[in-house]
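Two complexes, one shared chain (chain A), two partners (chain B, chain C).
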Partner chain A sequence: MFVPLLVLRNLFRHKLRTLLTALGIVIAIASFGILRTVVDAWYAGANASSSARLVTRSSVSLVFPLPLNYAQKIRQVAGIESVAAVNWFGGVYISERNFFPQFAIQAPAYLAMYPEILLADAERKAFFTDRQGAIAGRKLADQYGWKVGDAIPLRGTIFPGTWTFALRGIYDGADKTVDQSTFFFHWEYLNETVRKSNPRRGDQAGLFVVRIRDPGQAAEVSQAVDATFANSLAETLTETEKAFQLSFVAMTEAILVAIQAVSYVVLLIIMAVMANTMAMTARERYGEYATMKALGFTGAFVAGLITAESLGLALFAGVAGIALTFPLAAAFAEAMGTLFPVFFVSEETVALQLGASFAVGLVAAAVPAWRAARVRIVDGLRAVA
Partner chain B sequence: MSVSPDTATAPEPSTSAPAPDSASDSPVDTGPRILVSIRSLSKYYVRGDQVIPVLVDLDLDVAEGDFVALMGPSGSGKSTLLDLVAGIDKPSGGEIRIAGVDIARLSEGELAAWRAAHVGFIFQFYNLMPVLSAFGNVELPLLLTSLSRRERHERVAIALALVGLTDRADHYPNELSGGQQQRVAIARALITDPTLVVADEPTGDLDRTTAGEILGLLGRLNEELGKTILMVTHDPKAAERAHRVVHLEKGVLAD
Partner chain C sequence: MALPFSYVVRNLVARRLTTALTVGGMALVVYVFATVLMLAAGLERTLVATGSDDNVVVIRKGAQTEVQSGVDRIQASIVESLPGIATGEDGRPLVSKEPVVLISLPKRESGKPSNVVIRGVTTAGYALRPQVRIVDGRLPRPGTAEVIAGRSIAEGFRGAGRDETVRFASRDWTVVGVFDAGRTGFDSEIWGDAEQMLQAFRRQGYSSVIFRLADGSRFDAMRQAIEADPRLTLEAKRETRFYADQSEALSKFITYLGTSISIIFSIGAVIGAMITMYASVAARTGEIGTLRALGFSRAAILTAFLTESLLLGFVGGAIGLAGASLMQAVSISTMNFQTFAEIAFSFTLTPGIVAASLGFALAMGFIGGFLPAARAARMKIVDALRAA
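Let's turn to the complex of A and B:
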């Protein structure tokens, strides 16, 4: 206990300096955690995607729909289990500020493909049997205070008019990576309504979600689907759900790279601050280190004392920073609303924060420890005099 | 004599220091044993093209149980000689044998282990660890031994009693006077029962009365515990306490 006690007492020799350095590390590690979580949130859709699901859309652009009869042809391609038509609705709930994703889906087929969307049997049945029914994620329902049975009016932007849906169920996610801020309703209801007002826009799907039997055959099946519609008026582009999600992330990649760069710059800055603190600390104590070496302690022991002190401070403050990340992330998610449907501090982020704290402590101690280990005893003793 | 409860057992260093030559332990030698034997010792510094001699071809013997004062003007090389004998600096040439061991030939690691086992240091400015109590400072060198915690504490209690600081054991250096701090440093120097005690201006930072007390304590260590003491001093009064005074001038012995 003697040596750990010596390290601890040395650590709190300059209380204000130690406190300010620790505060810097706490802020840096918490900031690093939040920035990493923002990046993770961006990739959440891609990370939550299944390798057994493909997305087929127009090869020209996502804004061009595909004929509904493609569903039947896709279903006939070898290796495909089921197909569901999906349309992005893009409605406005009360005001433009209340953004959340809304999809028209062929509900039975779609929900069968997404077992991670958990819906009570009674609510599922009620949704399936009500043409104007809809379901919403728990996070979305909580945000607007919706209850099952509520009427949810949406003002269409892509599909004009006021659409009123009856909320038949509130779904949960099988785990925290599942988006719980989406609103689903029946594609058939959308199609029927559109056909009445604008027959030319009827029987068209924004995209098809396809479930395949063997995820290992995703590339071959995708090629086979696209080959089916080659040289047609509406050629298709089929890709895995993950690749489809990543294509959206790629649109904002520059922002993500900037966020990641900032997160590492924050660490570099605190590393420099910590290194300066440890250098000052060691310089002040060269006389003491020389005395210890004169008494018979080795250079490695002295270096170990400095390293232990640096690691102790960095890890203590780092753990405090990690602890602070969780309430900060919760407050951030609350403030962002449904902008980041999946926002949580992952285990990987915590591990990175811990690793970063360790690295800060180790790097900061490296030069002072090396110098103290090599300081000539007579020079160090002269520093005391 | 040792400060250990059992005077027959000296503390064992955890790292083994080189054994002394068997020749110096000859049973037929009836006179006082030579503990420190210095032959043709030289030390110089090189600054650019310039060679600055500090000690030149120096020979000196110190008998076991002797109390030697090294005196001389500033820059005469007395502190350098003390550093070389204590094994905290390396000579440029020559031989330093302490209890038969040529310490100039030891590696850094061997020298550290040798110092831990054989040398007790007393510095002008005490050089205590400010974050450790008097007790902790005295206990510090014992961490390099294989003694148990209980054994260490027993020894520290005895050493503090020896220097009259039992009631100050829990005090930190900044809570002690200069004289008390130097007493703690003396207790620290004695705790491993060293072969040789080196003292660099031990009274240089103390008033006359306190200096007298410290010198009295060093005298007792020499007379009662039989410790061999090599002391650098500018103070003729301090030198009077020694058995022998060695004068250095420009790196050579003046007498």
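Let's turn to the complex of A and C:
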């Protein structure tokens, strides 16, 4: 009982210093957690993808469309259940700053492939029966205060003109990994309008989402699809939805790597601060340590005392930092709106934060503990802080 | 009378480990702060330098990038015949009608695909961009499946190096040359013959029309002429403006993210400085009492401790900046959200960033040192001497 009490008393000898150090660790651990969560959010699309879905697009790049009649041919490939054409719309809502993804979809087929998009039956019916209808995610609707029945104008950047949609439904996600900030409308409506204004661009799909019967066959089915269109005017590239999403992540990898690197820099900073605290603390107490040694305590015991103090402080502050991460993440998600559609602190992040606080405590104690353990009794007693 | 500067310096030297750890913490914060600003500056500089003030880019109304845009042949010809366009050495108007598309190419190192801009150019296209120089190989012959690649692309992507072939649009294209565009956005593009590109990609129209103004100040008149013409559904922008707009979102994103990260990190470093300075004051209580008894004023004590803390900040800032300036050798290649295409840029250190970083470091030192210095200055002579 004596030893823990001694450690605790030691911690509170310099209340201000302990408080400041703890505050620093709380901030560092919390910001480490937020940065990790930002990186996780980047991968959200890939994590939410299903292994039963493939994406077929032009092999040249995403900006090249595929002819609509490919849908029929893809459907004939063995192992394929359903196909839906999808187009990226890239419209502007009022001003460029209001960015959110908009997709033209072949609605019945697409929504059947995405059971995680939850839509009330009445709203689903209303959406299917209205050609100019659209549905939006709950987060998106909340951000702009949309209600079912509202007219939503979008200025096309890829498809010229102003397009007005009637909001027929607001969807929820089956769980928190589902992106609830997307806007969907009918591909047929887009196609009809484009055919009238620019016939050459009609009957073209940006990509096809394909549902396969057996996820284990994804590789074979993908190859079969691509083989169907090999040496045609528009060759295709088929990959799993996850690989497709990851290819977007890979394009911005440099930024991601930077954020990850920076999340470790904050740990280094706090390690320096904490090591400084422990070094000062130990230096002030060399006399005491020498006295303890003179009384018969071993060097290892003294080193253990310093390590325990350092670990205790780091872990206590670390846990407080973890606790702070959750409200901070919620506030950050609120402020970012639809930019990070999926934003939550994962268990892995919490485990890493705990590990980081442990490491900070251990590293900070290393040099002072080693020095104190080796200090000669005579030198220690003579030392002046 | 003020305390000598050497007194301040020696105090820091006397506690080497503590000083080093505090300075190290600050240096890391300044390093992050400076590199982020350098990244944003590098991106802006690359894209701003891409444009030339007398060049005008004409794209379809509402389109934000050349890839999204479409200009059919009739519209392109109308623009081409507008008065006010400069003529080249060969006596023909300096107009380039260009198809611009994105293709996905695997990166040389990781093999992961990324989007690369392919631009079809004409002879006038080279005249419009004098910064583009062939550094290896030669220009493509018109009417052939030959292309040239920008330096960043040639280095970063498979098949894009000299004498290699890239396959797109069901054809193999030979890279006959590598060009340097003086660290502009064109370094991240592949260029080929415009008509060949149109055929290969089965396009009926161009993506953009670029021309040089005969008189740079007549831009507004030209723009009105284009935008008021009922046959044209196009808009005109100065090339500088056009490319600067494209850097906006990404550089804002980098700046916002970086500044908020640095500010949060700086709290940690300020706390470090505060702990050090409080300890420094506590350890020298007797000394402070002696100094006061000798006649040094409270202001002198306050100044000395503040100087000590500012010096910590300054040294930390200088080390952080030195580290950051090494980053200038590194170039980054990532996707620009707005154009959806790969863009290479390098960390760029500007005088503004140096000033901002040092200011930031000094501010950290000041905030960290003020309270401890005030405590030292407020000490009563008798108490301080007794504490020793």
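The rule is short, and it goes like this: the second predicted complex is superposed on the first by the 355 of 385 C-alpha atoms of A that agree within 3 Å, B and C clash if a C-alpha of one lies under 4 Å from a C-alpha of the other, contacts with A are read in each partner's own complex, and residues count from 1 in each chain.
Heads up, the rule we're going with is that contacts are C-beta pairs under 8 Å (C-beta built on N, C-alpha and C of every residue); 3 or more make two chains touch, one makes a residue touch a chain.
Fair warning: this is a prediction, and the values are worked out from it, not measured in the lab.
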Chain B versus chain C as contact partner of A:9, first or second or both or neither:
first
One more residue to check, A:311. First (chain B), second (chain C), both or neither? neither
Practice task
Have a look at where A:170 lands relative to chain B and chain C in the superposition and call it first, second, both or neither.
Solution key: neither
Query raised in the report: Given the touch rule stated above, what does A:287 touch, chain B (first), chain C (second), both, or neither?
Result: first
Which partner does A:295 reach: the first (chain B), the second (chain C), both, or neither? first
Of the two partners chain B and chain C, more of chain A gets touched by chain C
Check your understanding: Regarding the shared-chain residue A:377, is it in contact with chain B (first), chain C (second), both, or neither?
Key -> first
| message | Taking the superposition on A as described, I'd like to know which of chain B and chain C A:21 touches: first, second, both or neither. | response | second
On chain A, the footprints of chain B and chain C overlap at residues 385
In the complex, chain B touches chain A at residues 13, 15, 83, 86, 88-89, 108-109, 112-113, 115-117, 121, 123-125, 127, 129-132, 136, 139-141, 143-144, 188
Note: in the complex, chain C contacts chain A through residues 17-18, 21-22, 24-25, 28-29, 31-32, 39, 60-64, 67-68, 101-104, 110, 112-115, 168-170, 201-202, 204, 233, 254, 257, 261, 264-265, 267-269, 271-272, 274-276, 278-279, 283, 332-335, 337, 340, 342
Note: in the complex, chain A contacts chain B through residues 2-3, 6, 9-10, 13, 287-288, 291-299, 376-378, 381, 384-385
Per the touch rule above, chain A residues touching chain C in the complex are 16-17, 20-21, 23-24, 27-28, 31, 35, 60-64, 90, 96, 155-158, 160-161, 200, 231, 233, 235, 247, 250-255, 258-259, 262, 265-266, 268-270, 272-273, 275-277, 279-280, 367, 385
